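After this come two complexes, each holding chain A, first together with chain B and then together with chain C.
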Partner chain A sequence: MRYVLRKFAQTVFVVVLVTLLTSVALRFLPGGTDVLVALKTGPGATKEQAQKVITDLGLDKPWYTQYFSWMKHFVTGDWGATLQSNTSIASAVKRALPISAYLMVYGQLLALFTAVPVAVWSAYRHNSRFDRIATTSAFGMLSLPNYIVAPVLMYFVSVQRKWIPYPSIYTSLFDDPVAHFKAFVLPSITIALPLFAGYMRLLRADMIATLQSEFITTARAKGVSTRNILFRHALRPSMFSLVTATAVNVGALMGGVVIVEQFFLLNGMGRLTVESIFSREYPSVQYAVVVLALIYVAVNFVADMAYAWIDPRVRARRAIG
Partner chain B sequence: MNSRVQATSRQTDGPLLKVTDLKTHFRTERGLVRSVDGVSFSLERGRALGIVGESGSGKTVLSRSIMGLLPGRNTERSGSVVFEGEEIIGLSLKDRRKIWGREMSMIFQDPMTSLNPVMRVGKQITEGLKIHLGMDNENARATALRLLHDVRIPEPEKRLNQYAFELSGGMRQRVMIAIALACGPTVLFADEPTTALDVTVQAQILELIGEQRRDRNMSVILVTHDLGVVAGHTDEIAVMYGGKLVEKAPTRTLFANMKMPYTEALLRSIPNIEDPSHTRLNVIAGRPPDLVNPPKGCRFSPRCEYVQPKCIAEEPPLLTAEHADHVYACWYPVGSPVYREKRAQLDKAKKSAGMSQVGAG
Partner chain C sequence: MDRPEGSREKGDRLNMSDIDVMLDDNAPVVPLIDEAAPAKVRVRKRGRVTKWLAISWMVFITVSSIGAESLPYINHSCDQFASIGECTTATHANIRLAERPPAWAGFSDSPQKGEPARFGLMGTDKNGFDLFARSLLGARTSLIIAGLAITFGLAIGTLLGMIAGYFRGWVDVVIENLTNVLLSFPALLLAIFFVTFFNDPSTAAATTRPLWPVVVSLVILSIPPLTRLVRANTIAYAQRDFVVAARSLGAKGSRVLFREILPNIVPTLLSFALTGLALLIVAEGALAFLGLSVEAPVPTWGRMIATGAGPLREGSWWISLMPAFMMFLTVLAINLLGDVLAQRFNTREAIS
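Take a look at the complex of A and B:
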């Protein structure tokens, strides 16, 4: 319990830091507030117009006041409008976020659910033919960039075989599950491929080490079946690196989805962020970044909880230390 | 052969466990490691056998090999292990698994590493009960509680929900014993069960194993490097060297009348509490033999104080001493004329060396 509170406190600290930095980020734009005013009003703004832009963004107040009013807006969902087209930032993020979230979750799940059994079997029969094929092909997958995988998949699946139409339009999971999964199959595979390879190799190495442990011999001497030895005795203590990598990869994926969304024409957070940057929609970038950062922080909190679940010693050690 | 017929007439006649010419070799890059090289012995029900030897003598491999626990692909195992009248070498993994934990179980040297660190103690005990005896959760839990009580763990109820790291070393070894005893095995292998423990706890654990052996009429194979450990807790002792059995006798006979200079050296290497402080330890010079290329003659000859040309040239067979149940492998055993002559020489040399040291000081 103390471990949970401790980790939660750390998480809150990071959240405050992230939001604080984001809230004042507009002050550090090259070109200063003039750029923002120019973007909002077009060339030749009056003094009053300029002042209004600055007041709306809270740039005339000290940074702490700005932080609190910004937080208030952020929490209530009143994120204001874009500078140039005057459309709601909140609704743009709300539209984009589920797409990226689905993509990342599907990619991760696909990678994990394939990597775990392959890694476990590879470790159990290491240096066997299965293991050698698995390790070598994983190495190959790691060296394939997603901007190669995406068009190749597209070409074979959508263009040549026409199994899945391209571009597939995002549909809600609840409206039409089939169309939903059709839209996500190829992008998820693109994302999952290198993840699978990384997870497989990590878990395999840790499993091999665990399987040499004396307590595995104890379990064998008890008459436990191979399957239960692998999945009940050996898998859990071997999962540390895997959990860490999964959490860290959420961060890496936020960059990775930019390319994949671009290829598959999915209007997710990646595209939103990049387009906002190109069109100098600084407030949109601000909110997109803070949303992604918060997701990352939350995922890492979950990972910390997972460590404690995996290994009771983590709970105890932290409580003492 | 007709193992099925024999299996039905289990426990009628013959020893509980009969090992004949058991060999266990490992294929490595360096060559074939002959860890166990033709070992034979038998064990009656309810008896305790001590297997003694240095590290690398093959004693651990022997016990794991009898159980069939060793990993398969680079291991060559031959010979015969007859358990309750049934040959168990060559059994499939599935059939061996029925023996493991149910008929034969094992406790290990280091209770720190031999318990699963992330599984509750209770679950580790009940696991075997569910597999072999088909118990449901409730029954298994009750049995686990009784087992923890049997191995004298205080507050057993609380321990069931604890993890290994929350227990002391002695307590962990007690849990290991509870796991091993869970399904009522007929043979218990104890592989250096006290080596990693505090001296004060060692005696308690050995006492506990002995007590459980008598209560359950179970056979025990106690593997250790310490002759002191086996002295009070076994009926018979087998001494191993370089993968071979070099001497075997009932415990009393062995201590009263050991034949093999190696056994003697092992005994002499135990420090005596009555010696004055700073007494030099009687170590066995040299290292255990390379099991890829073992010495040609007697495997102990390169380190033996009483070595003779014949020892280097020719490997001694297992000979029978005055008692039929005492066998040893030595050309010039302790007490023989050649031995006595050499011993006298050695004592004289030691004495004069001691004198010269005093003189120099």
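Take a look at the complex of A and C:
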């Protein structure tokens, strides 16, 4: 319990720091507040207009007041409008978030469902031909950035074979499942490839260590079947690093796959943020980035808690100190 | 997160060398580890071959990118033209040679041009530039940027990590939380943000687009994981006997840090530096893909891949896939060398 509380306090601290940094970031723009005023009102703003922009963004108040009022807006969902086109920031984020979430979930599922069996078999038949092929190709995949995988996939699947039409527009899963998956197949594979490699290597290394423990030998001696040993006895204590990596990647995938989103024309969080950065929509950047960071922090917290479920020894250790 | 290293390492080492022998001697029951003594030798040999392949690729790419203007095997874009004048009149003159597939590309199926004449090792791009030459020039950009970034990142990250890990206390808390905050933003977004921040139109950098905004962004990006790595290592070494001995002899903090602890974490740092270099090359490519790296006429892999994406849709695959291939080989080679070093020094990546 003390551990949970300490972890929680740490999480809250990071959240406060993240929101604080992003909320006051507008003050440190190169060019100062004039940039914001110029973006909002166009050239030749009157003094009143300029003043209104500054009060709307809370830049005339001291930073701590600004932080609290910004937090109030953030929590109540009153995120205001973009500077240039005057559209709602909240609705833009609401549109982008599910696309990113779908992409993240499909990529992770694809990677996990392939990596776990491959890693388990590799660890079991350690140094076999299968293992060597698997580890070598995983090593190669780690050197494949997604902007290399995406064009290769697109060329072979969409251009040469024409299996999936290239710009597959995003449609909701509930409106048209077929079109939905058509839009997500290639980007998910692109994302899953390096994930698969990472997960496979992590799990394989841990699994090899686990398979040498005495309780595995005991299970073997009792006559437990191989499948049961691998998936019921050995897998759970080997999942430690895998859970950490999966959790870290949730955050990274939500906003960090800008290039995949851009290449396959999916308007997810990454693209929203980058385009806001490019068009200097700083308030949109603030909200999008805070949402992403919060997701990251929350998922990591959950993963920390999940350790106790995976490994009772952790629970015991935490109870002691 | 900070899992004890010992167990896994010990398990691995046992299994690599001893287990098979031990089993051969006494146990008829083969446990869950495969017997693979003859296979192991083969693996080793192949490992050595790939190591030398990786080294020679890196030598090739480094030499070629340094001497790209004068080396004989690189096509200097004027060789392909009837006259020097035709070559120097900018991009439009090269249209004649635009989008030729590589000489070896027998299976090319560009639909729009029938059977175009082939050209060079890697074909030409939309402007008629030789892609092989441009890929090597792109290697120069990538290696310079990533190399500078990892050097500065290592210097700063090592310093911060050692300070945090050795002195602990409030310094440690501050540094750890700062790295946590930096790590809680998606890395690529952070880099994009910093580059645009430094290149903001209202500052002088925007008009000239120098190298340093990219380098600085990548340095900022590489500091947190390096700091974490060094911190963990420093903590481990700070409790070792020789450090305690040095301290009890009255050595000052700086002496202990730089003379006692630093030499011990250098091997770990070296193998991680190569992995970091590969990651930064990838990151630079990502920035270039989004048009955020160096200014347009200077070739970079990322932008070559990005500009090739349009022709790729019409079937001219080589324009983006050839630089992608060069980049893949380079990143792979660096990763392999990093792996070799890590095995050599028996370190494990603390941070994946």
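In the analysis below, the second predicted complex is superposed on the first by the 309 of 321 C-alpha atoms of A that agree within 3 Å, B and C clash if a C-alpha of one lies under 4 Å from a C-alpha of the other, contacts with A are read in each partner's own complex, and residues count from 1 in each chain.
Here is the rule we use: a residue touches a chain if its C-beta (ideal position, glycine included) is under 8 Å from a C-beta of that chain, and two chains touch if they have at least 3 such contacts.
The shown structure was predicted, so the numbers you read here are calculated from the model rather than taken from an experiment.
Contact comparison for chain A: of chain B and chain C, C touches the greater number of residues. Of the two partner chains, neither chain B nor chain C is touched by A:106. Once the two complexes are overlaid on the shared chain, A:252 sits against chain C while remaining clear of chain B. With both structures placed on the common chain, the touch criterion links A:184 to neither chain B nor chain C. When the shared chain is aligned, chain B and chain C each come close enough to touch A:220. In the superposition on chain A, A:312 makes contact with chain B only, while chain C stays out of contact range.
In the superposition on chain A, contact of A:145 is made with chain C only, not with chain B. Look at A:233: by the touch rule set out above, it reaches chain B but stays clear of chain C.
The interface of chain A with chain B overlaps its interface with chain C at residues 217, 220, 226.
The residues of chain B lying in touch with chain A in their complex are 67, 69, 93, 97-102, 105-106, 108, 110, 113-119, 127-128, 131-132, 163, 165-166, 176, 179-180, 182. Within the complex, the chain A residues that touch chain C are 10, 13-14, 17-18, 21, 29-31, 35, 124-128, 132, 139-140, 142-145, 147-148, 151-152, 154-155, 158-160, 166, 198, 202, 205-206, 208-209, 211-212, 216-217, 220, 226, 229, 240-241, 244-245, 251-252, 254-256, 258-259, 262-263, 270, 273-274, 277-278, 285, 289, 292-293, 296-297.
Interface of chain C with chain A (complex): residues 1, 3, 7-8, 11-12, 14-15, 19, 29, 31-34, 36, 39-40, 43, 109, 177, 180-181, 184-189, 192-193, 196-197, 200, 202-203, 278, 282, 285-286, 289-290, 302, 305-306, 308-309, 312-315, 317, 320-321, 324, 327-328, 331-332, 335-336, 339, 352.
Within the complex formed with chain B, the chain A residues making contact are 213-215, 217-226, 232-233, 236-237, 310-313, 316.
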